[in-house]
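Naming follows writing order (A, B and C), and every chain is counted from residue 1.
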Amino acid sequence: MFKQQAVPMIFSQVKQIRIPSINNILRAAALPLIGLVIFLGLWSVMAKNIDTSLGQFPGPIAVWEQATTLIDEHNAQMDKADVFYTRQEERNAARVAQDPTYEPKIRAFTGAPTFFEQIWTSLYTVLVGFVVASLIAIPIGIICGLSKNAYTAINPLIQLFKPVSPLAWLPLVTMVVSAVYVTSDPMFSKSFITSAVTVSLCCLWPTLINTAVGVSSIESDLINVSKVLRLNALSHVTKIVLPSSIPAIFTGLRLSLGIGWMVLIAAEMLAQNPGLGKFVWDEFQNGSSESLARIMVAVLTIGVIGFILDRLMLMLQKQVSWDKSAVLR
Amino acid sequence: MSNKHHLELTQVGIDFPTPKGPFTALQNVNLRIDKGEFISLIGHSGCGKSTVLNIVAGLYQATNGGVILDNQEVNEPGPERAVVFQNHSLLPWLSAYKNVELAVKQTPNGRSKKEMKEWVEHNLELVHMSHAADKLPAEISGGMKQRVGIARALAMEPKVLLMDEPFGALDALTRAHLQDSVMEIHAELGNTVIMITHDVDEAVLLSDRIVMMTNGPAATIGEILPIELARPRNRIELADNPEYNHYRHEVLKFLYEKQRKVESVDEHRKKLAKHNKASSKGASVA
Amino acid sequence: MASLKVLSSLKSAVKVLRVGAVSAVLTGSLVSNIASAEKLGWPEKEELKFGFIKLTDMAPLAVAYEKGYFEDEGLYVTIEAQANWKVLLDRVIDGQLDGAHMLAGQPLGATIGYGTKADIITAFSMDLNGNAITVSNDIWKEMKKHVPHEDGKPVHPIKADALKPVVDDFKSKGKPFNMGMVFPVSTHNYELRYWLAAGGIHPGYYASLEGAVKGISTDTKGLLDADALLSVTPPPQMPATMEAGTIYGYCVGEPWNQQAVFKGIGVPVVTDYEIWKDNPEKVFGVSKTWAEKYPNTHIRVVKAMIRAAMWLDENNNANRPEAVKILSKSQYVGADYEVIANSMTGTFEYEKGDKRSVPDFNVFFRYNATYPFYSDAIWYLTQMRRWGQISEPKSDEWYKDIAKQVYRPDIYAQAAKSLIAEGKAKASEFPEFATESGFKPAQKHFIDNIVYDGTQPNAYLEKFTIGLKSDSKI
């Protein structure tokens, strides 16, 4: 097959490939579309039949309306922010006129964060937590994979902490962060640190375990190659261990990011830290007739972002993975 | 040749720890090899051929006795004893060129960048792989991979080239091609070679001496058969050569009469399956 | 999505960095604001974050923000909803929040060491009244049989006497009668207990389990000898919890009683206005260290909130509809306009359709609602003692000392005087600061007609049938 494709018989190739590819495209586009339409249909039918104490369960149309409302609210808030800054400049000028020693400064807008700002906060937090966790988990995973002794020493801890729910960590993290993270001019807010650390704690394990497994299951021949070549420890890790465990590490990373995203939303809900989780919780507490539709917008957004994050990781994995024949999904 | 032998194995034995106590895999292996000699190790599976090779490579430590190469005891792996592994063992994320280059970089010999490049290219040329230098291992056939594996080993300029069933996973045609290549290279470079094989024809065709191992446990050298066929050897001409057939016969006699191995049906099946899998893996991309 | 102003958020970030490029156009009022502020001194801390719980009585905070009163004081305030009273208090203690909308009992409880020990003070009382007790439809159906009617409508106030047969029935069947309140030191806890006890239903004592602080209980359940078992639920979750059947009734602030009516899941039976007319409710609490570090900031915060409270009560509640509009925004209370409007605009709907006029249901400024009276603090302390949260007898002096530590009318007075000087308020709208003792005259309007005199807490405790007396221990 390979050689055939390399032959520059373009026309025959096009002919061969085009027909199935149209089919494939149709199938790739149509099937999910059919799935979506069925889902929307079921959703709107079911929604009509579910009566909550906050009114009817929102159907697709109500949710769409709230999505546009959220966009409008965001825009309105941004306009408000503009006014805020002009007003602040005026106030600063007035104060300087009164008190020439005063050094005017512009303070950030104090309005409530909009839905889109909450999304951004969540994304930023999950990425920081995830990167921190990965920077810790991959080296430890490599050590565990390389040394049976290290693995035996660390494994009980991994098994002990892996199943712990993020929500159990949260109170401890909150207290520790507020006790340890004391600065007069904090670069990051405590709530951000708390969320990010909680995400990290839960992101650690899949990456750590998969890295350790990946490293320990390197083909023994490759290790022998390394020995015969007398690679030193560093080259052994960078030239043999890391590349050969990339697929396993990425499997772990993708799992971790997925878990991190779920954990973050839960942590934000529980700790009331800024982000999408807080948005959901606030709307739940509001209990207005629009709350459920707004929560649905958030739910769908959370899903879409989770999906996009996974796809991005997959793209990255495809980029760095040497095993191009492996089917990644 | 001088009195001092190039490579000496003296009273080599090895025990492996098992839960039931130490298991003696090898015992009293004595072998003197001269520079440039081509030695084959043959024997039934499990007889410890690979163990001998690994001890020479330095991947295993002998429990008794030892290995001396040019007056130096062998106790760790190193590029002067390059290994060609059964399953090529190329780093799958590096191109053929880069695989060889990694080995060249690890062998200290004060080459400049340009010389290094030339040396890598030279070795690829030697195994007729220049055309696929930029291909990843997954993009080339099993035979080609094994060629690159040999190029990598040769590029280290080893004193001894150790080959662990190098052609075991290849189909017969490819295998023949590679055997011819190895003979050519051996003729050209004159390396000392120790090769493990299951294949009687291969052993007779390539070797100066065939070392036949008894069955384990506590395997050791049974007989050593010098092959005094003139070089260069040609497989087609040799096919009707009575001397060649005599050597073949000697080896077969050792393996199937003197050291007949009784295998249960189960064991045989398992091995077959394993073998098939290995060869299909090697040939799949061809 | 293209219309999303993501760019403008970036723009605003850039603006934060752009210092000094100030427009020269100044309005006269801005100048005068700042001129008068000189006497008070500039705020030490300008960027502040305040917490609140989604209840209508957080209105002064929202109004001070939306009407620009904070900015008039040179304060740039962010207002953030909190999950529950515990989180809110913890965040004030650890400095994540500069101050918060608090239950009156929280600064007192924290100071004496009930729950979390910390020095919290208040210089501003946020409102009077505003709570109610709601029971589920099923309980109301049973209760209604024992409630006197006039013209086909139940006669208010409804006493817990009507609930007693229901509770007794539960007891005889061995079923627990569960009710919700919002926090162990919440007004709601004490009001619910007061109402139940007045009707002969024992709400349970807090066990005398001493912890780090001598004489203060560490029990937060309060179930000892209880006929009705009270448990904590955050206010916004009350209706959902009752809907789920976990509790049969609750005491909570607005809009969560009116929400039950709208949802058709329960009936408010009594407002706290009827339990104790014009009872003090929420306060604005800050940590003592914060207040000492930023005295000018604190006074300015109080100034802004006094203005907000004045605005809320101005012209006979004329601004209330606008206030409701602000509160119904999702970042504040977020409930539907109609639900919040019900109580905020001077009415209260009991049974569906039974809407009655209660003009003083939410009082933010009149009757000196914002002034931190010592006697208010002492009432809460007496209730803590009555139910065993304070497990040892305390002297009258002790009550007064604690009240003076926590309630800070001195700071309030400075804020008020500054407002008077600026012409934003009239002296007649405040107590006479020079002579005010901080003790209200004896108050009579309780549902059980017991008179409360803040100067004699121990004597007051003697008057209750159910509850610990001045010298009793559990």
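In this section, a contact is a pair of C-beta atoms (placed from the backbone, for glycine too) under 8 Å apart; a residue touches a chain by one contact, two chains touch by 3 or more.
Remember, it's a predicted structure, so these values are computed and weren't measured experimentally.
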item	value
Farthest-lying chain, centroid of Cα atoms versus that of subunit B	C
Chain ID, smallest distance between chain and overall C-alpha centroids	A
For subunit A paired with subunit B, centre-to-centre distance based on mean C-alpha positions, whole Å	50
Subunit A and subunit C: spacing of chain centres that average the CA atoms, whole Å	39
Euclidean distance of C-alpha centroids - subunit B vs subunit C, Å	86
Touching residues on subunit B, where the partner in the complex is subunit A	57-59, 76-79, 81-83, 85-87, 89, 91-93, 102-103, 106, 136, 138-139, 156, 285
Of subunit A, residues touching subunit B in the complex	2, 219, 221-222, 224-225, 227-231, 239-240, 243-244, 246, 322-325
Contact set on subunit A toward subunit C in their complex	53-54, 71, 74-75, 78-79, 81-82, 85-99, 102, 104-112, 116-117, 178, 189-191, 270-272, 281-289, 291, 294
Interface residues, subunit C side, partner subunit A - complex	1, 3-6, 8-9, 12-13, 15-27, 30-31, 33-35, 38, 42, 46-47, 54, 65, 68, 71, 74, 76-83, 87, 94-96, 234, 236-237, 239-240, 243, 259, 263-265, 328, 330-331, 333-336, 339
